[in-house]
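Naming follows writing order (A, B, C, D and E), and every chain is counted from residue 1.
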Amino acid sequence: MRSARLDRQHVAVVAVFLLAVLAAWMGVSRLEIIDPLILPDLGAVTIRLVEMSTTAALWESLAVTTLRILAAFAIAMVAGLLIGVPIGRSRGTSLAYTPLLANLSAVPLFALYPVLLLVFGIGDASKIAFGTLNGFFPIVLAAIAGASAVPNNLMLAARAMGASRLQQLVTVIIPGALAEILAGLRLGLALCTLAVFGGEILGSTAGLGYRLAVASETYLSVDVYAYVLTALILTAVLSIALSLIIRSISRK
Amino acid sequence: APTASGDATALTKLKAGICVPNDADLALPPYVAQESGFFTDEGLDVEIVSFQGGADMVKGIVGGSVDVGVCGAIDAVAASAKGIPMKIVAGIGGTNPSALMVPDSSTISDISELDAATTFGIGRFGGVTDFVARLTSDRAGVPSDKFKAAAIGPDGLTAAVEAGGGDIDVFQWVPNSAITFESQGKLRTIATVADVFPEDQYSAVLAQPEYISSHKEVIGSFLAAFFQAVTLMKEDRGFAEKAFVERLNVPQENVGAVYEATVPRWSDAGEVSTAGLETYAEFLPMLGLAKTSPSLSDFYTDEFLPVKTD
Amino acid sequence: MITTTSDPERVDWHRASAEAAISIRDLSISYLRNDDERVDVTAGFDLDVRRGEFLTLIGPSGCGKTSILRAIGGLQKPTTGAVTVLGEPLTGPRPRDISYIFQDFALFPWRTALANVEIALRFTSVPRRQHRQRALEALELVGLADEADRYPRELSGGMQQRVAVARGLVSNSEVLLLDEPFGALDEQTRLILGTELARILEQTGKTIVFVTHSLQEAVFLSTRIVLLSKRPCAIKEIIDVPLTRPRHPDQVTGAVGQRIQQTLFNGLYSESTGA
Amino acid sequence: MITTTSDPERVDWHRASAEAAISIRDLSISYLRNDDERVDVTAGFDLDVRRGEFLTLIGPSGCGKTSILRAIGGLQKPTTGAVTVLGEPLTGPRPRDISYIFQDFALFPWRTALANVEIALRFTSVPRRQHRQRALEALELVGLADEADRYPRELSGGMQQRVAVARGLVSNSEVLLLDEPFGALDEQTRLILGTELARILEQTGKTIVFVTHSLQEAVFLSTRIVLLSKRPCAIKEIIDVPLTRPRHPDQVTGAVGQRIQQTLFNGLYSESTGA
Amino acid sequence: MLRWGTILAALATWQVGAAFAREGSIFLLSPGEIAAGLVPMLQDVSAREALTLTAWEFGIAFVISIVLGTAIAAVLAVTPLSRRSGLVLFQLFVSVPQVAIYALFVLFLGAGAESKIVFGVTHGMLPVVIGILAAVDGYRSNLPQAVRAMGGRRWAVVRYAVIPAVLPSAVTSMRLCASLCLLGILIAELLVSSGGVGRQIGTYSGALQIDKLYALVAVVCIAAIVINILLAIVERRAGRWKA
């Protein structure tokens, strides 16, 4: 299996890389090559971030955005699996719908954002819908691929042992497609996060993306980068959380 | 202005930023000047870059990706208030031609009826729509901490209109959109911004002081060509209306009304209403958009005025 | 000593059916390939398996052994014909009566050896709390009690196959269908496992249909050996193995064992060289 | 008739080395597992393979046959000891002299059968324009000329194995190492292919080291059979097969064949029951 | 057939639904109206220019994404450690809201095509790197050894045993690359631009020319789908040897 040493090492490498990026940022802002309006000093941003973390406003925005991402991801996941798994298990529908879904996934969804605003209003619903839409395709495509790759002999074995259709789904298809599905979930989460942020930046009345846009419009660059850092931390926390869940599931 | 030169190799490069590509004040003159060859005549090779809003454009100027900007005068004032050096070198339209509108089904018929429950739909925070909404709210007697707005950009606003207002009670639209919505019976105008805010300087040309002092000639040439285009459109209505149709996609049936609402307000020599500018400076801190109030000389220079066009 | 039913077409129906655990009548199986070409695996196949008998199917690769076994297991719908198991016509898998051990193991890679065996009880009426104990016993039987917590990928091919065998045994069904269950094992592990299998089965009086390529294994384990022809597969010869049980490996290489092997070998050799 | 070198430790070094195609001296192989536990596969292993001989390694599963064969192929660095092939000490793969046929075929799934055979010539000095012709001939040899354009997944397990054999033969190297090359085939196809292989090899005078689990195959093909013990693997017995060539399948079940099989069988059986 | 049936049914539902739910909405257009908007849209010089410009920018960004992504992946793929770390990092990058720091791109590259292309590349490159790294990381095979046994050296191992195995996933990731690349460019054009489809979308939407807006969006979507189909064909060829 994967070695624990490699695990520790790559965490270290990633940390070192991120630190290097921060150091480069620090260096650039100290040298004042770039106007602080465009790239403010890292120190100032850090101080601001600490300052903001004592205000309710940051936590409220964080909560709003996190809930939107989680809601969108949950819907995308459930829909993706409910639609993807049956399609993957049936050769006929798979032949018909896989290319269709793959092609739809290529559509630049953000061009549809105004339409979503129209249908779902400017509140949570449109952000969640946008996130769901973006997260859905990678998940459904992965579910199709995973489900269709479950070896037939395993299905047959379950049938021979008397498994019902539901039992086949639970004991064979889902675990058998897990690796692919999890890869899809990872990408789905990433795109979901991106879409919710994007939606909030494009038009919203609350959330991290919205705060970021306001700060940007009002020339508060330090705040902008504080929000960018917050968003990055949120992204990292969410993807680590997903990884941990994934690992605990695939250990079983 | 420097002598006109047909020698293409000697052209000076200049990048001009515009914001809100569907605003007549901001989008039309630069393109008309470009397409009529006025810039070339002045010895300039101008590239026009459009931004999604004033703040983005100001950053573009600070970062050096554009040299001069055509945008709301408030953007220069707000930038100065935040300590970002930015100066207005010429004015375009004085009063703000936008309309304050409510959904057709709304019971509001006058701005005095607005109250703390009112939500304004605005394009972006800190921009002119935000300022106008706050000022309107203030005039209607709503305390500034009760002011409510949703900043959702032009696309979001259009969508909100379509959805029948939704959470938004009052909209601001530039004339071309306002006329369309009104003719479709979706929105109803309760006032023009000029009614609320008569002493205004709506649109302007700006640049950084540093650039101004080192590129006086270039700015002079740019403004000359720019206002030559303005003059052309003021004088030749047929030509201007054609530009509205082609450039801003204004429907033929509305073009007359849009022209009436915009072009006559334009200055053909770049005059600036300093009173309007001072209103911005004065109200910015009061409306919560800045901490300090910048002084006129921080964000305005009259050294290019009046612009001489040949 | 070797009785050869030289004309397999003339089975004595009535006698056979009376005591048959499995009876196959007029079985035809055909596949439609991707290019819409029809492959007839077998046509009008008849066979009776007696209760408590260890019957081995042997035949050239691709002749249709797996297909026939799957039909007996209710995993393959016959094109025509019927299979009756324990007096009841088959309509689908009947896990209470029939266990199937797959040629390619069909282990669930995400389950440990133990969990792979337990799962065969999951869909039965065996009470949940007995699962672990019974699965452990089955693993012990195949000599894998120590590897209960390993995942299939951590086991050698032979070990995996033994887990599959344990899974087939655990549900304690009356009929056992084994498709080359020792194919991945070396000859000696085969024999040890075969000895063990034969012992268990004899004690419990199960009915077994067994597919193998190993002549020695066939002789060592079977009461009857069915020699099949190339596709479309038909019965070429049915050979009784008159050796007493329990058998010793020496008997396989003894005179009787040698003679049966020789017969099978010649049958297969002529079959595959097209004679 | 069967000569058994009962004490394998006392090989006559000098005689053997003189005519040896492959000589293995004091070979030790050990693996470091993930959990840092050391597995000693073999320690102080000595063996000589004569020129033109067909030597078979036989032994319990997991005893180390593949590991030894890989050491001979230069694919596995011994922990200690040395392997000399055709008089030159091995330092790595030496494809000009040695062809290796993998236990699990190791076919490139993205190459057709033909391309899979051709690739073995890619790294040799054989002129490019001859590749196709020679690869086709090799496929013909294993009876797969008609399947040249198929991808591995379109071939049955047995066919895939034959492609692997063709790839081993095509480069025409002097030494051939075959790791259970017929494992996935039924007994009769095995024999046919074995016969063919034996014929080719005899004509070309190649030196072969062969791993198999099939006693019959060992008897049918080998000049000498090396019986290995459990891990850590040592030579238990070396058996000469005094049958003339070309051999007929009947000889395998003949008296001499039977006796050798019996010897091997008992050796293995005692080995795996731990006796 | 099922597929085309579904597409037709969806279009029909849309067409009928739009007619009913319409109530004078300028946003709810039927497929027929959008198709009708194609002609006037394509008559606009600005729209044609925008399409051409964006197509160019996309083409360049796509090629760079693939070349650069492959190169980065190739370097990172060499050791297990760099592979794992690279995977983690690039997966993190995918969800970074790059929009927030677009000003940096404009600062370094100006407001023209360069910044848009680079923005497209920073989006499009990610799936390529991740796809290849994941494929190499998951590759377990004795084929590298087979190549060595046949006399191939290090490069031959890569060329004959690794690249072909990784190719199908690399091509698969190119599809995602194309769609993210396009996304990046459109966003950049909408934010700051001297032209292009993103800007034109803004223009139409500001001018409330919804039929042209949808027609333009439809053209972009169809172009995206066509690219996707072409890549799917390449993908099928690359993975022909698979089941």
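Keep in mind that, in the parts below, contacts are C-beta pairs under 8 Å (C-beta built on N, C-alpha and C of every residue); 3 or more make two chains touch, one makes a residue touch a chain.
From a predicted model like this one, the values you see are computed outputs, not experimental measurements.
Common neighbours of chain A and chain B, listed by label, are E. Among the remaining chains, the Cα-based centre furthest from that of chain C is the centre of B.
Of all chain pairs, the one linked by the largest number of contacting C-beta pairs is A-E. As a whole-number value, the distance joining the C-alpha centres of chain A and chain C reads 50 Å.
Chain D and chain E have Cα centroids separated by 51 Å. Put simply, the C-alpha centre of chain A and that of chain E have 18 angstrom between them. Centres computed as Cα averages put chain B at a distance of 35 Å from chain E. Of all residues in chain C, none touches two or more other chains.
Chain contacts: chain E has residues 27, 103, 107, 205 touching two or more partner chains.
Of all residues in chain A, those touching 2 or more other chains are 34-35, 38, 114-115, 118, 216, listed in ascending order.
Of all possible chain pairs, the ones that touch are A-B, A-C, A-E, B-E, C-D, D-E.
In the complex of the two chains, the chain A residues touching chain E come out as 6-7, 9-11, 13-14, 17, 34-35, 38-39, 92-93, 95-97, 99-100, 102-112, 114-115, 118, 138, 183, 186-187, 189-191, 193-194, 197-198, 201, 209, 212, 216, 224, 227-228, 231-232, 235-236, 239. Across the interface of their complex, chain B is touched by residues 24-27, 44, 46, 103, 106-107, 110-112, 115, 190-194, 199, 202-209, 212 of chain E. For chain B in complex with chain E, the touching residues are 15, 17, 20-22, 47-52, 56, 59-60, 63-66, 154-155, 158-159, 162, 176-177, 180-181, 184-186, 247-250. By the touch criterion stated above, chain B contacts chain A in their complex at residues 53, 55-56, 58-59, 62-63, 78-79, 82, 84, 124-127, 150-153, 155-156, 158-160, 162-163, 166-168, 289.
Of all residues in chain E, only 141-143, 145-152, 156, 160-161, 164-165, 167, 240-243 touch chain D in the complex they form.
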